[in-house]
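We just call them A, B, C and D in the order they show up, numbering each chain from 1.
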Amino acid sequence: MAGFDKVVASYDDALKGLEDGMTIIAGGFGLCGIPEGSIAQIKKMGTKDLTIVSNNCGVDGFGLGILLEDRQVKKMISSYVGENALFEQQLLAGELEVELTPQGTLAEKMRAGGAGIPAFFTATGVGTPVAEGKETREFNGREYLMEESITGDFAIVKAWKADRYGNAIYRHTAMNFNPMAATAGKITIMEVEEIVEPGELNPSEIQTQGIYVDRLIQGTFEKRIEKRTTREA
Amino acid sequence: MAGFDKVVASYDDALKGLEDGMTIIAGGFGLCGIPEGSIAQIKKMGTKDLTIVSNNCGVDGFGLGILLEDRQVKKMISSYVGENALFEQQLLAGELEVELTPQGTLAEKMRAGGAGIPAFFTATGVGTPVAEGKETREFNGREYLMEESITGDFAIVKAWKADRYGNAIYRHTAMNFNPMAATAGKITIMEVEEIVEPGELNPSEIQTQGIYVDRLIQGTFEKRIEKRTTREA
Amino acid sequence: MSLSRDQIAQRVARELEDGYYVNLGIGIPTLVANYVPDGMEVMLQSENGLLGMGQFPTEAEIDADMINAGKQTVTTVTGASIFSSAESFAMIRGGHVDLTVLGAFEVDQNGNIASYMIPGKLIKGMGGAMDLVAGADNIIVTMTHASKHGESKLLEKCTLPLTGVSCIKKVITDLALLEIKDGAFHLLERAPGISVEEIVEKTAGKLVVPDNVPEMAF
Amino acid sequence: MSLSRDQIAQRVARELEDGYYVNLGIGIPTLVANYVPDGMEVMLQSENGLLGMGQFPTEAEIDADMINAGKQTVTTVTGASIFSSAESFAMIRGGHVDLTVLGAFEVDQNGNIASYMIPGKLIKGMGGAMDLVAGADNIIVTMTHASKHGESKLLEKCTLPLTGVSCIKKVITDLALLEIKDGAFHLLERAPGISVEEIVEKTAGKLVVPDNVPEMAF
């Protein structure tokens, strides 16, 4: 790698250094905007005992769900995990831990992790099971929970286009958790549909700045649709 | 106002409801990206005892500096106020309070205020005068300060283009504090160089969403340059 | 007769105001979008990062990268904006959304809500519901008044794990519209042909019934 | 002879590495940009929201909306990005900037720095300096070794209000390059023609002097 060129040639190179027991922060919401290539590579590598921070855990046979097949995941930190029979099975069998985290709190924990903020207060979850074991505190007469931030050994994210420096933009709602996840990895791997030359993206329109991206790879994406809803033409 | 059309016809309408003693959050960095029209209107209205949250206080005779001339400002919450003789005079005479806040903490206080986060922890300012009277706490062996968020009765911001719904984009580094300020006002006034029709801006490129904007006005801008530095052509 | 799902949505829609930014949960709340009164504009927020959600796409328009919080393929309306999950919940948590409509398993007389988990069954997770109930001033819960077995869902105290505390002020069921305040349900309207007695019978929590309870008209 | 401002900058530039994201403070640090070694790429971060700051504009290019953190008109390099102040300090606070170079009034043997305020004189404010020193692992302070009156600025304990505590590990003055560790300044290099004795004399804080102190070459 010379200068700021973050492009790597293969997913082998992209996930280099991933080890058993590590924490991975993944972008995506449902099956939308997920880092398909990195997930496939992790399955191929067979890395075990992973803690994965992601809003969802994919579905049976697609997305992060495929990492359950060989029991690679020790713990999921997610807001919603209800689309996956294998997940349920492993959870009930005690083979998988899950830390349910409200969606907004999860997004903010990733952002805070990347932004050097170790903890913040939110009203979300006060008085609910989410508050168990957490400190609460009153501000202006209302009770708030203290939530700690999250960082990962790796972050795996998916963007639409990025220049070689890792300056990236997202396509429609495939943005979701990706920009925050990108900031929160010690090593951040970004896969994209198209790599362009520096200068091709408008500096003011860049949504993830290259400073957050360590390894950039051009991928191919199935983009499976979870709930295909249409109207008559 | 019908539906989501936020456009108002005059600065009189834009600043309606501003009263003595209120808190105003202002976008801008130095003289770059400042809400010139709203500042002029506040001077015209003669509103007093204002608390103004802004990274800087303009310069003598321009920007927020003009509000000092008639002693309209009771307190500034800023990170840097060193460009203004009148400011110094009033500060030394005890006619003006200043709460110096590190620039990053100030930006985050505005963001947190708009995002429903009443407080957060940062390492910035630990062991310095900024930490006086503030709670500290250790996370992962490092000491952090608890900083509370800021909201305002009004926010005054400046964008480049916005559609009638208040969906806005910024021009170059005139973005600075404006996006966070826009989220932190009970009433947010946005002045822009150009108002376009909804649909003209790409949904994914919008930098301040209309949900944060209450009143939108087309302004004219002097855009004074504070330090004109050039190289030979 | 008790209200249909669509009638519940229709009644919720009367609570809308022009220029409202609204988050509609999955199920009955989603149907509210079909009953926005003529001449009124509301904009739908979807917590995965979309403000200005439109109708479902045609087969030709379908795009895997354009979904809503229910993971359904959708379109955008003119003037929509798309943003990150952090920004989306900044809007929600910061109280910028004018109205949130969501379903629930139980609501109690102190405005507590349980909507995300039934112990013993699978834990699916709260998604954005906890953020939504904590962030909004104005929340309407839609639900059936009682379970299929006739057990009231409007309780003195929720029995299931809570989604939020003291946050629900309005409930629209298949039988009635109720306000929650001062530790009680206040009956405001009843479904056409539903007697006050039936509502009293099916409300386990404290219920305040005024002298006159108008019938909803559709 | 003691180093000129440009020589200090030149010496700092030798600490750069290819692919570094760097924040340069006002004054001498700004000059470092002029001495980036050939074949090496660094990208300059300006805390008002710019990554990839370029040179000053020509008269024709000047744009009031394109400034740096020193409020000077600037340009961007190819591959630059522009963002909000919150995002900018997320980068800084989150430790994503590889190197920060800034000036100071005083530095002490425990790595404390005072750089923003002299009581009795006007309080200008800390700007982004406190965030920068708290956020960076790798900070170089550039300063004159002593005041015009000969008073050391490398102290046992800072006397002015602090900008940050235990955060400075490297200082480059007009006389020497020093590392701060274990509660002492460690002399690593001296300016050409400057004797170890002069450095010892002008360093008020605890100074560790190795047997051999190489002279900088320019």
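Here is the rule we use: a residue touches a chain if its C-beta (ideal position, glycine included) is under 8 Å from a C-beta of that chain, and two chains touch if they have at least 3 such contacts.
The model shown is predicted, which means the values in this text are computed figures rather than measured ones.
Could you find the chain whose CA centre sits the greatest distance from that of chain B?
It is C whose centre lies farthest from that of chain B.
Identify the chain pair with more contacting C-beta pairs: A-D or B-D.
Ranking A-D and B-D by C-beta contacts puts B-D first.
Report the inter-centroid distance (CA atoms only) between chain B and chain C in whole Å.
35
Where the centres are mean C-alpha positions, what is the separation of chain B from chain D, in Å?
Taking the average C-alpha coordinate of chain B and of chain D, the gap between them is 29 Å.
From the C-alpha centre of chain A to that of chain B, how far is it in Å?
Between these chains, centre-to-centre, one finds 32 Å.
Got the chain C residues that touch at least 2 other chains?
As it turns out, chain C has residues touching two or more other chains at 82-83, 89, 92-93, 135.
Do you know which chain A residues sit against two or more other chains?
108, 111, 115-117, 122-123, 171-172, 175, 203-204
Using the contact definition from the top, classify how the chains connect: line, ring, star, complete or other.
Looks like something else, not a line, ring, star or complete graph.
If I apply the definition of touch given earlier, which pairs of chains qualify?
In this structure, the chains touch in these pairs: A-B, A-C, A-D, B-C, B-D.
List the residues on chain A that touch chain C in their complex, please.
Interface residues on the chain A side: 29-33, 55, 78-82, 88, 91, 98, 100, 102-108, 110-111, 122-130, 171-180, 207, 223-233.
Give the list of chain B residues in touch with chain C in this complex.
My answer: residues 1-4, 111, 113-117, 163-165, 167, 183, 198-199, 203-204, 206, 209-212.
So in the complex, the part of chain D that touches chain A is made up of which residues?
Touch list, chain D to chain A: 18-19, 21, 40-41, 43, 45, 51-52, 76, 78-83, 87, 89-97, 135.
Flag every residue of chain A that touches chain B in the complex, lowest number first.
108, 112, 115-123, 137, 139-140, 142, 144, 148, 169-172, 175, 203-205
Considering the complex alone, what residue numbers of chain D touch chain B?
Touch list, chain D to chain B: 46-50, 55-60, 62-68, 70-74, 82-86, 88-89, 92-93, 112, 117, 122-131, 134-135, 161-166.
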